[in-house]
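Note that chain A is present in both complexes that follow, paired respectively with chain B and with chain C.
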Partner chain A sequence: MPERLRADLVLEYPFTRTTGPVIGGFLTGLREGMILGIRRSDGTVLCPPTEYDPESSEPLTDLVEVGPGGEVVSWTWVDPPRSQSPWDQPHGLGLIQLDGADTPIVHGLLVEGPSELSVGMRVTARWRPEREGHIADLEGFVPEGAVR
Partner chain B sequence: MRDIAVVSAAQHQQKALTHTTEVELMVPLINEARGAVGLTQDDIGFTCSGSSDFLAGQAFSFVHTLDAVGAVPPISESHVEMDGAWALYEAWVKLQIGGVDTALVYSYGKSSPGSLRDVLSTQLDPYYLGPLWPDAFALAALQARIMLESGAVSEQRLAEIAVRSLNGAADNPRAVRSSAEATIDSILAEAPIADPLRPSDCAASADGGVAVVLAAGDRARELCERPAWIKGIDHRIDPHQPGVRDLTRAPSAQVAAAQAGAGDDRLDAAELAAPFTTQEHILELELGLGADTAVNANGGALAGHTMMAAGLMRIADAAAHIHDERADRVLGHAASGLYLQQNLVCVMEGE
Partner chain C sequence: MSTDPSVPPAALAGEVRLPEKLADVEPVRSVRTPIRLEYDFIPGDASSGYLNAFADRKILGQRSPVDGAVFVPPRGVDPRHGAATPDYVELPDTGHVGGFCVTRLPIPGRDDLEIPYVSAWIHLDGADIGFLGLVGGIDTSEVRMGMRVRAVWKPDDQLGRTAENILYWEPSGEPDVPVTAAGTNAWHAKQVAKEQG
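Up next is the complex of A and B:
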């Protein structure tokens, strides 16, 4: 009787992927509790940073620290929270222009209700204690001066 | 350049196609579009479709839908993971290259089995935006507040656009949201769904499909009494990250319109695929539409938005104005991505 051939089948996704020096730099910064933007040739700073200038397409390399304070450029209220999001309570979603940056970043606004939100209000970053290099290492932004 | 025209179209849209598969949806539409000009699949030189695996929940889902076309004997075929308007663009390029004189273009979307406003998060970049799962209404609300606070638009104007859609859709059997009675006051009385957006600011989600037949030169004249000749077609894209864009504008729409020659002559009608009133307002400005252009006469995408087909449906609607001799020069528009990131403009004329 011929020998029966046998091979195990393991379903897997055997790839790893690097996020590169810019996005990877930003994510590593988050792990360290630091928010990074990137400087364009005209001196303005993009946050979150992109690998290429969105207008001129030139490569960007000069990461600079921004925040952790900033100003709310726009906001809305999310209730109920979306099931796959990092937030399990009703929360604000905002465009937040961090100090030292010239473009706003999208993130959560952690307040009790929409009446506490306004355009131009000052906020500051709130960090998760355990961080892994992920956008949700930032728990969100809270009004400046709020008890942390 | 070859003269290429839309010679026929068929479409269907309803709130939810619960017990209908994509194949069952598309068989009658493809038969209707081909049959209206007396063609079978043997007469079609190129076939191109648009749909999304993220809605179907299955890789290469479009392959199943080829059963609705009839792919035996083998056909020349392609697919885009985009709104069908971009499939039409690919077919237009194929016809320009030559060798074929007819093309079948179709697209479809069934978003009712899931929550589209959340599924749309999968179109966002996977590092900064996607992992936060910001839903489509909340992201649109961020834009709306910037527009309102900067004076780029007023609540009154947004309500006017909502009323235009609701009233215009009253006699449209394919609209899934309509009201002959809606007024600006009734819109402004709605409670926000994503502050400051009201429910009527957000397009009514729908399931549906559309099929279009294109033909070149004399073949188009043989097939159709009054072909809708594509005089200009162009598509452009803006950066993805919302922070680097002026959210009160859609520069790519303006460039696409200029490249398609939209402003070269009077436009009788324009059909816009804007998923929000805010974005319909931006498009009217960027496309340079004046008071003499009828915009979304039958309600447009706000009255029923089929993901992956809303743009091709607008081109079909615009072409119908020419086929029915209601207009001589029209514009069809399609959009894709966050905040009208990508825009396609198709200008058509009758003879």
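Up next is the complex of A and C:
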């Protein structure tokens, strides 16, 4: 019986996608250090923004600034992060409802350990100094008032 | 609201409004979204038998116990009937092009492929489905459905337990298989011939 075969198999797709004006607007905001949501006809704001209203399907066009502070709606602890994670240290992953938004956005919660996280806690955005128009321009969220 | 598919929806028609502060900045129009999946691939029994046989310049398929259809590469099962396929069939290294694609753009990570190149479904004689291979030894504009081909193997001292042993498939010079009996038409044509005795 020959020895068992094995091989490294890597599937890699170096995609670059065009964004359209809504997602492009959201990413433009991130590059400029600003988080944008999109206003629905009933006045509520979706963040992250979508191109169409999830209920009525009508096109959405009115991008508005939200955050940078918000409230943790739900969270989990990630330890250790996987190899291609944007974060190289253990961190929280949370649903964060930003001030002025009516839906929560998923992002990292940058604290030392899970004991520092709770539902309802206030957090605020931490930006990377070099930004290019990508969700990772936002390094994550830290407890409001935390020393930067 | 317009339902004409050639008219872009309003949200894509550039009417999106940004906050005043972003009025004069260059908008982001594209984003990098690379995907990378790393597998530790360990073949099962059927694939192992197939790969091991390549070291001896042999191509193995498996026969369906239900209707005798021959699958290559073998996967241990006839997916149409959920039946195990324990019996291997040795196949010749000759067949025909069932379908093909001429690629004129380079693929990231495949600098070894000189463009333009032709990838094709190779239907081996005695097999009832095609498997993927490169076509060489012919101008890309002359490749056609039903063209008879044979394998070009690596030299014996470079053979391994891998399908990469076959460098490409070259025209054998035999008359073409008619298109009505080539590629995915082959199985149907065979059933009709069987019915007609």
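In this section, the second predicted complex is superposed on the first by the 131 of 148 C-alpha atoms of A that agree within 3 Å, B and C clash if a C-alpha of one lies under 4 Å from a C-alpha of the other, contacts with A are read in each partner's own complex, and residues count from 1 in each chain.
Throughout what follows, contacts are C-beta pairs under 8 Å (C-beta built on N, C-alpha and C of every residue); 3 or more make two chains touch, one makes a residue touch a chain.
Just so it is clear, the model here is predicted, and its values are computed rather than measured.
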### Query
Looking at the overlay, what does A:104 touch: chain B (first), chain C (second), both, or neither?
first
### Message
Just checking: does A:27 make contact with chain B only, chain C only, both, or neither of them? Give me first, second, both or neither.
### Response
both
### Query
Comparing chain C with chain B, which touches more residues belonging to chain A?
C
### Task
Check whether A:134 is in contact with chain B, with chain C, with both or with neither, and answer first, second, both or neither.
both
### Task
Please indicate which partner A:95 is in contact with in the superposed arrangement: first for chain B, second for chain C, both, or neither.
first
### Task
Identify the partner contact of A:84: answer first if only chain B is touched, second if only chain C is, both if each is, neither if none is.
both
### Task
Please work out whether A:19 is in contact with chain B alone, chain C alone, both, or neither, and reply first, second, both or neither.
both
#### Entry: Doubly contacted residues of chain A, that is, touched by chain B and again by chain C
19, 23, 27, 83-84, 134
### Task
Under the touch definition given earlier, write down the residues of chain C that touch chain A in their complex.
9-12, 14-19, 21-22, 25-43, 48, 51-52, 108-109, 161
#### Entry: Contact set on chain B toward chain A in their complex
118, 121, 127-129, 131-135, 138-139, 141-143, 145-146, 149, 194-197, 239, 241-244
#### Entry: Residue numbers on chain A that touch chain C, as the complex places them
2, 4-25, 27-29, 31-32, 34, 36, 51-52, 59-65, 83-84, 133-134
### Summary
Touching chain B in the complex, chain A uses residues 19, 23, 26-27, 46-48, 50, 54, 73-78, 82-86, 93-95, 103-108, 114, 119, 134-136
